[in-house]
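Presented below are the structures under discussion, each in the form of structure tokens.
Same chain, two partners: chain A is paired with chain B first, then with chain C.
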Partner chain A sequence: MEGLRNDGRRWNELRRIHCQLSTSGSSADGSAYVEQGFTKVLCTVTGPAEPGSRQRGRSDGATVVCEVYFAAFSGTDRIKRGRNDKKVQELQTAVQKTFASVILTHLLARSEIAISLHVLSQDGGTLAACINATTLALIDAGIPMADYVCACTAGQPAIGLGGGSGGGDDDEPDPYLDVNYLEESDIPSLTVATVGGGEKVAVVSMESRVRIERLEAMLAVGISGCARVREIMDKEVRRYGKEKLDGTGE
Partner chain B sequence: MPIQIIAPAPFVDAGDGDDDDEGGVRLDVDNDGDVAMEGDAPSRKTSRHAGRIVTPGELVTDDPQWMRGHGTYLSTTADGSQSIVSSLAGTISKTNKLLSICALRFRYVPEIGDLVVGRILEVQTKRWRVDIAAPHSATLLLSSINLPGGILRKRTSTDELQIRTFFSEGDLLVAEVQTLNSDGQASLHTRSLKYGKLRNGVFLTVDAGMIRRMKSHVLTMPTSNGGGEVDIYLGVNGYIWIAKHTASLSDGAGDKGVSITRLEEEASEAIYSNVNEEISPETRAEISRIGCVIRALVKANIKIDEEMLNLGYEAALEEALQGYDWGSDTAAGKRIVDAALAKRRKT
Partner chain C sequence: MPPPTPLSPPELSYLFTSLALEPPIRPDLRAPFQFRPIVAECSFLPHCNGSSRICMAESGECIVGIKAEVEKDTASKYATVIERDKWIEVSVEVAGGGASGPGSGVGVGGISGAGGASGKDEGDGGAAVWLKEGLLAGGAGILDRLVISKGWHWKLYIDVLLLTPTSHPSPLLLSAATNMALDSTFLPKLVSPHDVDDIPAFSDDWNISVPLYEPSTFPRPPMSLPVIAVGDNVFLDPSVAEVAAAEVGLVVTLTLADSEGHCDIVGVRGMEVGRGGGKEGERKGISRKLLRQMVSACVKEAGDVIKGLGESTRQQMFRA
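Let's look at the complex of A and B:
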């Protein structure tokens, strides 16, 4: 068990990521399904469409709205999360703000883009999986975006893994990439999302305390993880695109 | 220090249990001959190969001779030079020096002259709001429909009061895009006897990109098994109406020359009727068969046009598939599509 985490990964190893586009067929403009380990999220996007009756829509751009639903069976305990739940609202705002800045909304005047996220199973990194699923669903819907938004989590363990772990000694244990539920509840962790594979950070969210010196290392690991996530998502988009074009039969 | 990230372990098929090393490992992500990666390979001379798949954030070109079109944006790099970057996942299309990206899937964007099938959302005093699957609902003015009792009759306040007798909420209609406003909102018209209220048929939706633009989007198809003729309205917006053929009013007018008195007779209350005609079981079966053919073609990512529809229908007849839902049944649908494609290659 030397150098391995509680689920057998190295400190810098991602969980299995499985993603799929157009999962809901023609019932939504765009849809995607993302599994990161045992965290499973389904996202559907409707829009650009006529804004709801509440507002007439901004004349200079599109409005982005987001709704998150937690399935009662998604966590370890059966909890029904209502619409006014703090956690749900926080997730909604995070996703909505992120994508409002990345979607090229000025091209879609007076319209609304509705993102609906269903969290089917939680195993750490819910926000990250939600962001990744939304990115893919927006791509499927053909909504112009500056770049992929890819998210990943990183945690800071108190004691290093020892053994075969890279460079870090016990004074500066290596941060954990892509924490699972056990790690998330055990050690301080943060979620970071980048626009594209570079170092342009769109979201950083941390709900626990950590020593300030450790933050930089955590961020660095998270950002590198995002770049890797982008590659994986890009591969899936291209595979889907190829499949879609192959059928045309030309 | 660059951080090395280990890729997740490949997916191990559940249920394979112990014999993972026997080949239960699905490596499709890594081993599939991936076009994307080949795009960077030296075998491709130009990276701007038309038809290549690009994804959001991908550099399309940094050559200043190209103009950016739809689906792209300009990004300034650190050294101040500007490059064209894709904002969609799709294929590159080039028109002279204009580079644009055609998305894999997209919402319908109305253009003047498009034939669309729509559904009435709302009745207002002098117009209707129509859902045409576009980002904005379209409007249909009372003055741009054929009023009963003659094509050239002036609109009166009585017509305004009776607006619901022409179209009410939920009614389906076929119309043409007349104008577009600055937001891209469409205004429709039905001032031709080809257009108007739809009845005697079934409605289905497909992605807007799956309808190939053709000379005519209203097809009349002779069917077998005593089904008679069937009309297919392929809306450019992805809404489709398949109905029992009705002797077109415009055909009748064409025979005798356009006479206003005749139009007056024909364009009577009947064209806004809400009652279906008697449709024989044979016709119903053929209508549903055509619907299944369309769904099977779309499922196989094949664009709908008159040729494919005819070939698909022939193939379905040979398979003698009745039913109402084999269109989404992949095995049966695939057989039909393959047979249709084989036929097309032969001709």
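Let's look at the complex of A and C:
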């Protein structure tokens, strides 16, 4: 198995990404379902709507609130995560902050946009899948945004894959793109999200130690992954839009 | 508390009158025993032994994941009997449409004896209670299937995730999702002998795993159907507005008894309904005849629906 990772991918290959828009029917303003490998996330967006409480409204823009639920059956073992769980709150804040800055909130003054994310299955890259699902759900809800926010993960293995897997000019191993759960728990990894699939980074999050020289390479691989994720998401949005337009024409 | 509706008293009264007509007119022009379309998927969660997702236009979405864990039989200190009903744990989590949505989860389903409490876990009463009740009720025989070997059993965790815009989703949504998840549940195959009380060993090969409910054996997992009556008319699968206008409501739990689509009744519970078009405190109660009509309507008409759901489950199961 020269040159392959534990799930049979090469260092620069993404897992299968499957996305779907408008999954929840009429019960939410926008909804989306994203699968990245075995990580599966469902997102629903309500709004822009009148804020639930007066204090939450801002006169100069929309407020973005986010709730993340981990289904008890999402991991290998059954774990119930409460609303005050640290991991849940961290994820909530990350998604909320990202989208508060990307949504053109000044166009929607005194309103509230509520994002709720359901993690149905975890297999590495939960934050990335949450961000991608939220982007699609917001598009489905028709909320004005600067551009797609696409997220991807990258990890730095200690030992290279061997087998002449590209870029072998020095002895540093290539970073892994889109790490799965096994890789995530084994090697240092980071999540990066870009706006519009270009070089504009909106989120970087890393919770492990890594040598400073390797950070640049990991970021570069992550960003290139984001661009690929954007293509896949854009394709689905266009396909969905075309299908809807064709449907109304009849 | 009756389910909240967006309808005003005159609108309710109009709806009541049109439902009480002979023949009745339902707001969505359905026939009295006609069901609404649902989207149903199963076996899509890799970390679960069984999973399903049901989507209904009005009541939203319901995702069920079933996980099984190996557990040792334990008798409590004072009871010598093994408490087998603890082998199944049902929990219902309600996540409203966003942070400000009605996610409070109060009285899920509005079923009598289960309302009022938050309905999250069995201890609180609520939806989890009647879902489990239907499972354990006679005929379903699920507990016998959970025995692994001498001294060991499977503990089944049934987690229901409700994504719904209303706090009173149709009981059909919850029970159909649970039914489908149970129907598609597979357990690893035991490779150690049955009669030894050592730690059991299982095969890693999912291709020889054992279904919890062997296909084409009966009874099948139970399913609960809401039914309401207005005047002398009986309606299956009522919408939120219809429930608000109804005079009486029942939730009938059934299991499929044979391949022809005949059903056995496993349980009947009252369902909270609205004011029935009349004023507060004017409810008259219903006759025995109507009650029987309601239950028999479920038994007669629902067989095909349950059978259809079972067939669609079989097509989607990971080992079809």
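Just so we're on the same page, the second predicted complex is superposed on the first by the 244 of 250 C-alpha atoms of A that agree within 3 Å, B and C clash if a C-alpha of one lies under 4 Å from a C-alpha of the other, contacts with A are read in each partner's own complex, and residues count from 1 in each chain.
By our rule, a residue touches a chain if its C-beta (ideal position, glycine included) is under 8 Å from a C-beta of that chain, and two chains touch if they have at least 3 such contacts.
Since this is a predicted model, take the numbers as computed values, not measurements.
Placing chain B and chain C on a common chain A by superposition gives a clash between them. When the two complexes are overlaid on their common chain A, residue A:S26 makes contact with chain B and with chain C alike.
By the touch criterion defined above, A:E243 lies against chain B but remains apart from chain C after alignment on the C-alpha atoms of chain A. In the superposition on chain A, the chain among chain B and chain C reaching more residues of chain A is B.
Contacts of A:G47 after superposition on the shared chain: both chain B and chain C are touched. Judged by the touch definition given at the top, the superposed model places A:Y148 against chain B, while chain C stays out of reach. Once chain A of one complex is fitted onto chain A of the other, the partner contacts of A:S101 are absent, as it touches neither chain B nor chain C.
By the touch criterion defined above, A:S205 reaches neither chain B nor chain C. Looking at the shared chain after the overlay, A:A220 reaches chain B, while chain C stays out of its contact range.
Look at A:Y69: by the touch rule set out above, it reaches chain C but stays clear of chain B.
The intersection of chain A residues touching chain B with those touching chain C, taken from the two complexes, comprises 26, 47, 49.
Residues 1-11, 29, 32, 34-36, 51, 53, 55-57, 71, 73, 85, 87-91, 103-107, 135-137, 183, 205-207, 298, 300-303, 341, 344 of chain B are the ones that touch chain A when the two sit in their complex. Partner chain B is touched in their complex by these residues of chain A: 9-10, 12-18, 22, 26, 29-30, 47-50, 104, 108-111, 139-142, 144-148, 166-167, 177, 195-197, 220-221, 224-225, 227-228, 232, 234-249. Chain C makes touch with chain A in their complex at residues 39, 44-48, 51, 55-61, 63, 65-67, 69, 91, 93, 95-101, 157, 159, 161, 163-165.
Residues 23-28, 38, 40, 42, 44-47, 49, 51-53, 65-67, 69, 71-76, 78, 80, 112, 114-116, 118, 120-123 of chain A are the ones that touch chain C when the two sit in their complex.
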